[in-house]
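Once you scroll down, you'll see the structures, which are given as structure tokens.
Note that chain A is present in both complexes that follow, paired respectively with chain B and with chain C.
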Partner chain A sequence: MADFVQLVVLGLLAGGVYVAVGIGFGLVWGVLNIVNLAHGALVIIGGYITWQLFSAFHIDPFLSLPVDAVALFVLGYTLQRGVINRIIRAPLLFTFLLTFGLNLVIINVLLLMFGSDFRSVTPSYSGQGLELGNVVVPYTRLASLGVAILTAAALAFVLNRTRIGLAINAISADRDAAQLVGIDLRHAYAMTYGLGAACAGVAGGLIAMIQAITPTAGEPYTLQAFVVVILGGLGRVSATVVGGLAFGLVEAFGQSIPGSGSVFANAIAFGLMVLVLVTRPQGLMGRLR
Partner chain B sequence: MSDMRNGVSPEPLLEVRRLTAGFDAGPVLFGIDLEVAPSELVALVGANGAGKSTLLGVLSGLVRATSGSISLAGEDVTNARPEVLVRKGVAHVPQGRRLFGTMSVEKNLLLGAYLRRDGEIRGDLVRVLDLFPALKDKLSREAGTLSGGEQQMVAIGRGLMARPKLLMVDELSLGLAPKVVDHLIEVIQQINREGTALILVEQDVLVALDAANRAYVLENGRVALSGKAADVKEDPGVRRAYLGL
Partner chain C sequence: MIAGAIIATYALLAPLTSLDAVQSAGVPLLADKLWFRIATYIAMFMVMATAWNIIGGITGYAAFGNVAFFGIGAYTTGMLVAKAKWPFLAALPLAPVVASAFAALIGLPLLRLRGHYFAVASLGVGVAVGELVQNIDYAGQPLFGGASGLFLPILSIDNRGLFFFYLMLAAAAIAIAVTWWVLRSRFGYGLIAIRENEEAASVIGVNTTAYKVGAFALAAALTGLAGGIFSQWNVFINQDNAFPIEYNVQMILMALIGGTGTVFGPAAGAVLLQLLIQFLGGSLPISFDIPFVSTDARPIVAQVILGVLLVVVVIFMPRGVIDFFGGRSRLSLSYLRRSLRETSL
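The block that comes next holds the complex of A and B.
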């Protein structure tokens, strides 16, 4: 029983990271119809910012998360406005190729700047945890889950309660009609990608506290974000939260099967994605549009 | 067919000169000349594929002009961006309503005022509901669940919320019952009387010609005929081709 509870706790905590990685990816996919293959690379930029601030200035990694968000927002806005907007009406394959190219560019710039060494952020409290009976809850992971949920809530607030959120929902529903009410498409697209990138930056900061990062460490996260968004369902932040937590749970239980490792856990998670696609293509929480 | 232009005020609100436009597949409009005076109701009629919707698209900035010029209140706005044109007072109610279907009626209407920052948006919402009382108890409904006529009301209302100088309505009557069309035309005329210039694009030529002051007949991307709506209605070619008389 204690093992079961421990697995649920670990799964939900791991799910926090997937939530953080998934919400930005899902926003960009749902609104811009871009499967952003550079998402993992954006995540890792956030990780390096947190690492740099921690190692050079001893800034607590949680305090550097807003810096990650702002920096990645600016980068994302600029990328969309300057580069991706040019092919936004092109077929999906073009955005695949472009974001794949961006992914390679970012990885190689990171290699130039930081080399390929493993970098990790280890604040004084990193090894500690809350012990509840036989169940251990690591502090950093617990806080990461909290930050991920807060980030998701903040994104949902922006999308549902602000003027730019209204514009983003409008372009997502009908691009031409949105233009006809006076929404500047280029700005709204860039804001969307910028918000997605900001979420990626926060995710990267969280990931840097949990694992050692290298310039290529983001690639699995692109794939996992894809699964998370499909699991939860495209188009709503809350659906991605459910998808992320579900993915974390599945992974935790997959890893607990005797003789299996993380590879097998991934196979189970992707198997679940295929199952969801076949039986419930709108995702666990999604609406058919 | 001869030019029967009449009653155009010396300073038109909208002035289109030798406008050419099209898509990758080829040009659609060839040298369009068109004028709309302030507070005039102009009908734009013609067969399917004549270029009516493309013309509205160019006027609202969705489609690029390849040559020619568009000026609004004396200012050149050729190929201005859609949001710039909305700000300058052009509102386009597109064919097929194009509402934000999963959003509430109220949100759709308020989105029409997206660029406005004045304090009179709520007051204008009340005015739109006075024009379309049927929408009053449907403000929180998802726009996509409304009937066709109600959706058209929301679409027109969304256009009005921008406080346009020129309102362009594409295919007002499409798919609607005659009674609903009559009602909408009355509202359109009331909007016009209150000072908004209107371009009414219609495949139902009779509906448009009866409502309008002046009319343009588009054929294959060219203005085939223009003049007072009553005169256009009496034109033998128009009677044969569009009115089945």
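The block that comes next holds the complex of A and C.
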């Protein structure tokens, strides 16, 4: 029983990272109709910023999260405005290849800058945890789940309560009509991608605290973000939150099966995805459109 | 036209590199043994790009995980030769059979998905199959050689390099011939109808499920054949060289550069892109120095250049580089501007 509770706790905590990675990916996909294969690379940029600030200036990793968000927002806005906007009306294969190309460039530039060594961020409180009976709750993971939920709430607030958020909702509903009522599409698209990248930056900061990072460490997260978004249902931040937590749970239980270990992580994730797509294509929380 | 010329030049020049006369005369460039290995790699990519074209170009389903079939082909032949001690030529035909059977099996659920869903699901299959092959254990032993891979006994024949080159080239010829046949058959018209409008195709009586699965299995068979030849040619296979994720994108880019949906385009694209990749990586006998870049950093810089190139090709030349040579359009500023305007906001 204690094992079961521990698994549930660990799964939910791990789900925090998936929430953070998933919301930005889901926003870009839902609004811009782009499956952003560079998302994991953006995440890892955030991780390296946190690592650099920690190792050079001893800045607490949680304090560097806003820096990650702002830096990635600027990068994301520029990428969308300068590059991705140019193929936004091309067939899907082209947006796929373009974002894959960006992924390749980012990862290899990171390799040139930081090398392929493992980097980890270890503040004094890492490794400590709250003990409730037989169940251990690591502090960093608990805090990162909190940060992920807060980020999701902030994103939902921006999308539902601000002028630019309403513009983003409008282009997501009908691009041409949005243009007719005077929305600057180029700017709104770039803002959307920028917000998505900012969420990726926060996710990267959280990931740097939980695992050692390398330039290629973001690749699995791209695929997992896709599964998380499908699991929850495309189009709403709250659905992605549920998807991320559910994915964390499935992964925790999948890895606890004797003999499987973590080596089948991808196989489990994609098996789950195909199952969801075939049986409930709108996701756990989605509404049929 | 131009695609045919590129392939013909390749087919004429490549075998020359192996001839003893050329070797002993020391003809510049051609006499290098390395060229010959690269020529075989080019033929391998011709098969994969042409096969991808059947599902991606003709049917219009953006398959991103075809490397799974390459790996399955490689491991089928590899297992039969290394573990069951079959002769290579008896084991080779099973590579396409197993690969296409697998494709038909996963194609039934996957091909119900469309667009992004199909693309990423197929990418996931590519990743997952490699992982499974490396990690499946049976009675405590890795079933497929595990992380240490599989070693095949070296084939004891004369002119081994030449043999595998012609074998790979034959596979490329088969792939091109199959594409030629597909484009002229009832089957191919059905696939094109699916690409243009799947609902309409279904309404006029195309059995879309059977056609899509058929195209997927056909592409898998050809890719698996290349994998089967690769396993015996390379003598050693593991997860890294039988399931390289980057092949997924390389074969698509080759088809795109050469022109999707055509018979010879993808193969010509394979010649061009593979030469470029080897050139940037510094493994061609004619080479160059990238300024300010040390030898260690070179492969990484080559990847950056490749990524930038991918972005540029996708943005400015969505109809393929071949478009410029066939007389249909000229490379000019107005062409680039037009491509840009068609797709940008």
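The rule is simple: the second predicted complex is superposed on the first by the 287 of 289 C-alpha atoms of A that agree within 3 Å, B and C clash if a C-alpha of one lies under 4 Å from a C-alpha of the other, contacts with A are read in each partner's own complex, and residues count from 1 in each chain.
Note that a contact is a pair of C-beta atoms (placed from the backbone, for glycine too) under 8 Å apart; a residue touches a chain by one contact, two chains touch by 3 or more.
If you're wondering where the values come from, they're calculated on a predicted model, not measured in any experiment.
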Exercise for review: With the two complexes superposed on chain A, say which partner A:166 touches: chain B (first), chain C (second), both, or neither.
Suggested key: first
Exercise for review: Report for A:203: first if it touches chain B alone, second if chain C alone, otherwise both or neither.
Suggested key: neither
Practice item. Could you say whether A:223 touches chain B, chain C, both of them, or neither, answering first, second, both or neither? Key: second
Review point. Regarding the shared-chain residue A:184, is it in contact with chain B (first), chain C (second), both, or neither?
Key: first
Check your understanding: If you stack the two complexes on chain A, which partner ends up touching A:44: first (chain B), second (chain C), both, or neither?
Key -> neither
Point to revise | Partner touching more residues of chain A, whether chain B or chain C | key: C
Review point. Counting only touches as set out at the top, which of chain B and chain C does A:174 meet: first, second, both, neither?
Key: first
Revision key, fill the gap. So the chain A residues that chain B and chain C both touch are 185
Review point. What part of chain A is in contact with chain C in the complex they form?
Key: 29, 33, 35, 83, 85-90, 92-94, 96-98, 100-105, 107-109, 111-112, 185-186, 189, 223, 226-227, 230, 259, 263-264, 266-267, 269-271, 273-274, 277-278
Practice item. Sort out for me which residues of chain A touch chain B in the complex. Key: 163, 166-167, 169-170, 173-174, 176-185, 289
Check your understanding: Of all residues in chain C, which touch chain A in the complex?
Key -> 56, 62, 64, 109-110, 112-113, 115-117, 119-121, 123-125, 127-128, 131-132, 134-135, 137, 249, 252-253, 256, 297, 300-301, 303-304, 306-311, 314-315, 318, 340, 342-345
Point to revise | Residues of chain B touching chain A in the complex | key: 60-62, 81-83, 86-87, 91-92, 94, 98-103, 107, 111-112, 114-115, 158, 162
